[in-house]
Amino acid sequence: MTDQEREFQDKIDNDIKIEPRDWMPEDYRKTLIRQIGQHAHSEVVGQLPEGNWITRAPTLERKAILLAKVQDEAGHGLYLYSAAETLGVTRDDLVERLHEGRMKYSSIFNYPTLNWADIGAVGWLVDGAAIINQVALQRTSYGPYSRAMVRICKEESFHARQGYHAIMKMAFGTPAQKKMAQDALNRLWFPSLMMFGPSDKDSVHSEQSMAWKIKVKTNDELRQQFVDQTVPQIEYLGLDLPDPGITWNEEREHYDFTDPDWNEFFDVLKGNGPCNTDRMRDRKAAWDDGQWVRDGLLAHARKKAAARVAAE
Amino acid sequence: MAEVDNTALLQFLLRTGDNTLILGHRVSEWCGHAPILEEDIALANTALDLIGQTQLWLGYAAEVQGMGKSADDLAFLRDVWDFRNVLLVELPNGDFGQTLMRQFLFDAWHSIMLPRLAKGTDERVREIAQKAVKEVSYHVERSADTVVGLGDGTEESHARMQAALDYLYPYVGELFESDEVDAAMVDAGIAPDPASLRDEYDALVGRVMEKATLTVPDGSFAHKGGRTGRMHTEHLGHLVSSMQWLQRAYPGSEW
Amino acid sequence: MAEVDNTALLQFLLRTGDNTLILGHRVSEWCGHAPILEEDIALANTALDLIGQTQLWLGYAAEVQGMGKSADDLAFLRDVWDFRNVLLVELPNGDFGQTLMRQFLFDAWHSIMLPRLAKGTDERVREIAQKAVKEVSYHVERSADTVVGLGDGTEESHARMQAALDYLYPYVGELFESDEVDAAMVDAGIAPDPASLRDEYDALVGRVMEKATLTVPDGSFAHKGGRTGRMHTEHLGHLVSSMQWLQRAYPGSEW
Amino acid sequence: MTDQEREFQDKIDNDIKIEPRDWMPEDYRKTLIRQIGQHAHSEVVGQLPEGNWITRAPTLERKAILLAKVQDEAGHGLYLYSAAETLGVTRDDLVERLHEGRMKYSSIFNYPTLNWADIGAVGWLVDGAAIINQVALQRTSYGPYSRAMVRICKEESFHARQGYHAIMKMAFGTPAQKKMAQDALNRLWFPSLMMFGPSDKDSVHSEQSMAWKIKVKTNDELRQQFVDQTVPQIEYLGLDLPDPGITWNEEREHYDFTDPDWNEFFDVLKGNGPCNTDRMRDRKAAWDDGQWVRDGLLAHARKKAAARVAAE
């Protein structure tokens, strides 16, 4: 370990934030770019499954709530791209990597939203799981990322609460609505568990990330926390447990549960999820169809700047 | 001031609320598909404001109607012929340029109409308009800037914006139509005669189009039929079948 | 032969009828927008045949269900999760090439499955299949010809057809899934095990793709969830909201 | 008048059909190309307003009937293009003239179909009006056109009957359905009257066309026939008359009725109808988007032909 490296690790060990101008190991930078970039992409792609129901939201209030949420997510995308840019990449470069398949986004967004209860369930389960990750990440070692997380967490917990209210309406509604809620829970349960990543023993990047405090808790710890927090909510909603393996373990003082099907997880990662193709097709089409808009606005900005210079 | 006839007031409120409902819906269709992330945010924000205004306008409309209905009932349980929005707002999004051009042409009118309503004689209309006017002054600033940026951008963006303007302009005239409903609003001091706003509108649109290097089409032909409900476009039915799906399929549920 | 369980038979009939319903609906979306007038006619004709078959399959399904429902009730009053079509047929039309590729991939399976059903033990299934098989042998001839013509056409048409095949091929595997419903059909001699048709299908598709100079993608990954109803695509909900609009908005009417 | 012209006119006066190889005046040819071409275009564009409801047809039976009808219309388009081609133009040329606005199609298709009853009303009123025109045209002097008309008339009267049955279901259905029927009638009445063209006194092409038996009855005669046939049907349906001016005139033994608003007619002709822009946009997009298909199929046909020649 060089002196620089030791000094860097000391800061981290003493919970002193690393800032953009500080020296950092190349791998730390790369790992962060990957992680923050993927997080940003997830916010952007995450607009799509929820956007799928905006035009079918059943009341004006629900439409407004959903619009506000999707708007927040786009906003999170912005913060996160900005945080990533402090590490010396551009947003356009990150977007290009996404479109070329060299960067990922959260696999959960490769699952479809098939009934209105999914919108509640996404807030409750998906944002719920995200928050567990993100609360931990508020303590991450990289300053801009940590501060973005603080800001994002506030909004995300608001979304999770709204999601839970939405699913309550469904679970306590008509039999058809309750059936929608159950269907959503059944479909989204295991994909939500997968959001914490593979089991610690199979996780590639974990150990170094923990030492660098890019990760703060292990995948399995976070997953257990999610299960423990969510099972009582399922019971409160009067829904059937989506996994017959869920039982309270007196000894561990945690819920036991069935591991998700990791083959499915890796299939989805490879691009074979139910919606991978559609999501990327939509995003690329948005980007390509918007080229003339970006070009036009840029050309106008240059004309204006040139006119200003000429006038000076 | 004449006392207002509730039938006329209801029509007026439906027209106002259906405009924001349908335009808000159209704009919300963009979700996640804008050319730049900042535009995703801006479009969602515009849609959100318009849906918020809809809740107030249609909420008041439902009260005036006095049949125990809610704003949601009006939004989700009327069929096409009962909608009173101008045709302009139900036209399809087209490309981003067409969406923003439609937005500007509506915002410009909205930004001129609302301050009048905010000073009218009906307290509820006044309150709603006062809230909306702040949002809409931001909308029009933003949509005007984008129209200028794209009109005076590249050759391609200019051509697309001119095509959007040519397509949409024949739908502008309906915003300034007057009929007995409008006359009743004028008599009661609630709203101005739409026709009286045309000069100010033309001046505003003219200024923006000049900066945008775009040519306002000649000709006074105006498509109409939306604000009377006599003849909407075929596009509205498809919008409605999506928008109302859940309420139609699962009537009487709470959401 | 085992006597057939009505629950399984119902599922089988829904799968068969929902395939034709949803594909017929998708094809009907082309109306008036085909690249050549002859194709407008051919697409309408295909849609018409498929809807006609749907009337028979879902009509029989409703009888087997025994709840006094009609084919129309099944088509227009179930929500997405109750549909049992394979995912392939609910995918969007895309360009004309994608539509025709989807059609061929389905027709090829249909043309292999129906002759088996036409010789099965259930009289009604047999009758319906015998009628359908004539129509479908024409469909598959036509869609195969078009796939060949466009695959072995220009560079652009070749590229588009290959892209369509790459996109659609992962949805083919679901046609050959087997579960307890299929086992019950096999036991009762009504229908073959879908898995048993795969070799013949691969041979047919292989022949056509060779003539079309197209490459059948490697990899055995198969999207599924449609024929069990466990997980459709997001596309089906939009199709359904349009298809069912009138029945949902005006329940209990006669049309 | 030259001998050729006299001989030509004699044939017509004696009800001998003119055939493609016969000599004919250039104006006769041009007028026929215009008329048959516009008729063909009308069949093609006419798919769109009905197609607008195919995805929303309320029953499987109705969907099937509508599909069959639209298919027939495309078929009529084919016959008519073929008839026009016997006069020395190609279908592609006619399509190009349509897309460039140099040829028209029936103005009625510039009106929207806004509720399900419109589909019945189109069959009943629009096809009804078309048949009145077309029955007369079965006796038209140009052989291929006349024969196409005979074939088309059979199918069209079937459509008109089906349309009347569909509107009956609506008129005798629930109050909402009856309201749809009334709404459709009110919107489509005057546009249907316009289908017969301007009043005889304002009609540009009429006199020569009558002499040539390209036209067989005057616009006003045909329009009166339509009104006389339709008013009792409206009454049978129990719908309100769409025009307060409709009254039985004992003396004329015809119904009096209000003239349509010819300003609107000419506005629509100029391109300002409710749907002109959308209809042409749809048709042009279909044509342009289909270019690669036509090119591909042509290239393949050439390869096959070349292979066949090489094998010989």
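Note that the chains are named A, B, C and D in the order they appear, and that numbering of residues resets to 1 at the start of each chain.
As a convention for this text, a contact is a pair of C-beta atoms (placed from the backbone, for glycine too) under 8 Å apart; a residue touches a chain by one contact, two chains touch by 3 or more.
Quick caveat, the model's predicted, so the values are computed rather than measured.
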Identity of the chain that, by mean CA position, is farthest from chain C: B
Chain pair, C-D or A-C, that carries the greater number of C-beta contacts: C-D
Whole-Å gap separating chain B and chain C, where each centre is the average of the chain's CA atoms: 42
Chain B and chain D, separation of their C-alpha mean positions in angstrom: 36
Residues of chain C touching at least two other chains: 79, 241-242, 245
Residues of chain D touching at least two other chains: 56, 176
Complex contact set, residues of chain C against chain B: 79, 238, 241-242, 244-245, 248-249
Interfacial residue positions of chain C with respect to chain D in the complex: 21, 24-25, 28-29, 31-41, 44-45, 47-48, 51-52, 54-55, 58, 71-72, 75-76, 95-97, 146, 148-150, 152-154, 156-158, 160, 242-243, 245-247, 250, 252-255
List of chain A residues in touch with chain B within their complex: 44, 47-48, 50-51, 54-64, 67-68, 70-71, 74-75, 77-78, 81, 91, 116, 169, 173-174, 176-177, 282-283, 285-287, 289-301, 303
Chain B residues touching chain D - in the complex, by the definition given at the top: 79-81, 167, 170, 221, 223, 225, 230-234, 237, 241
Complex interface listing, chain D residues touching chain B: 49, 52, 56, 112-115, 176, 183, 187, 267, 272, 274-275, 277-278
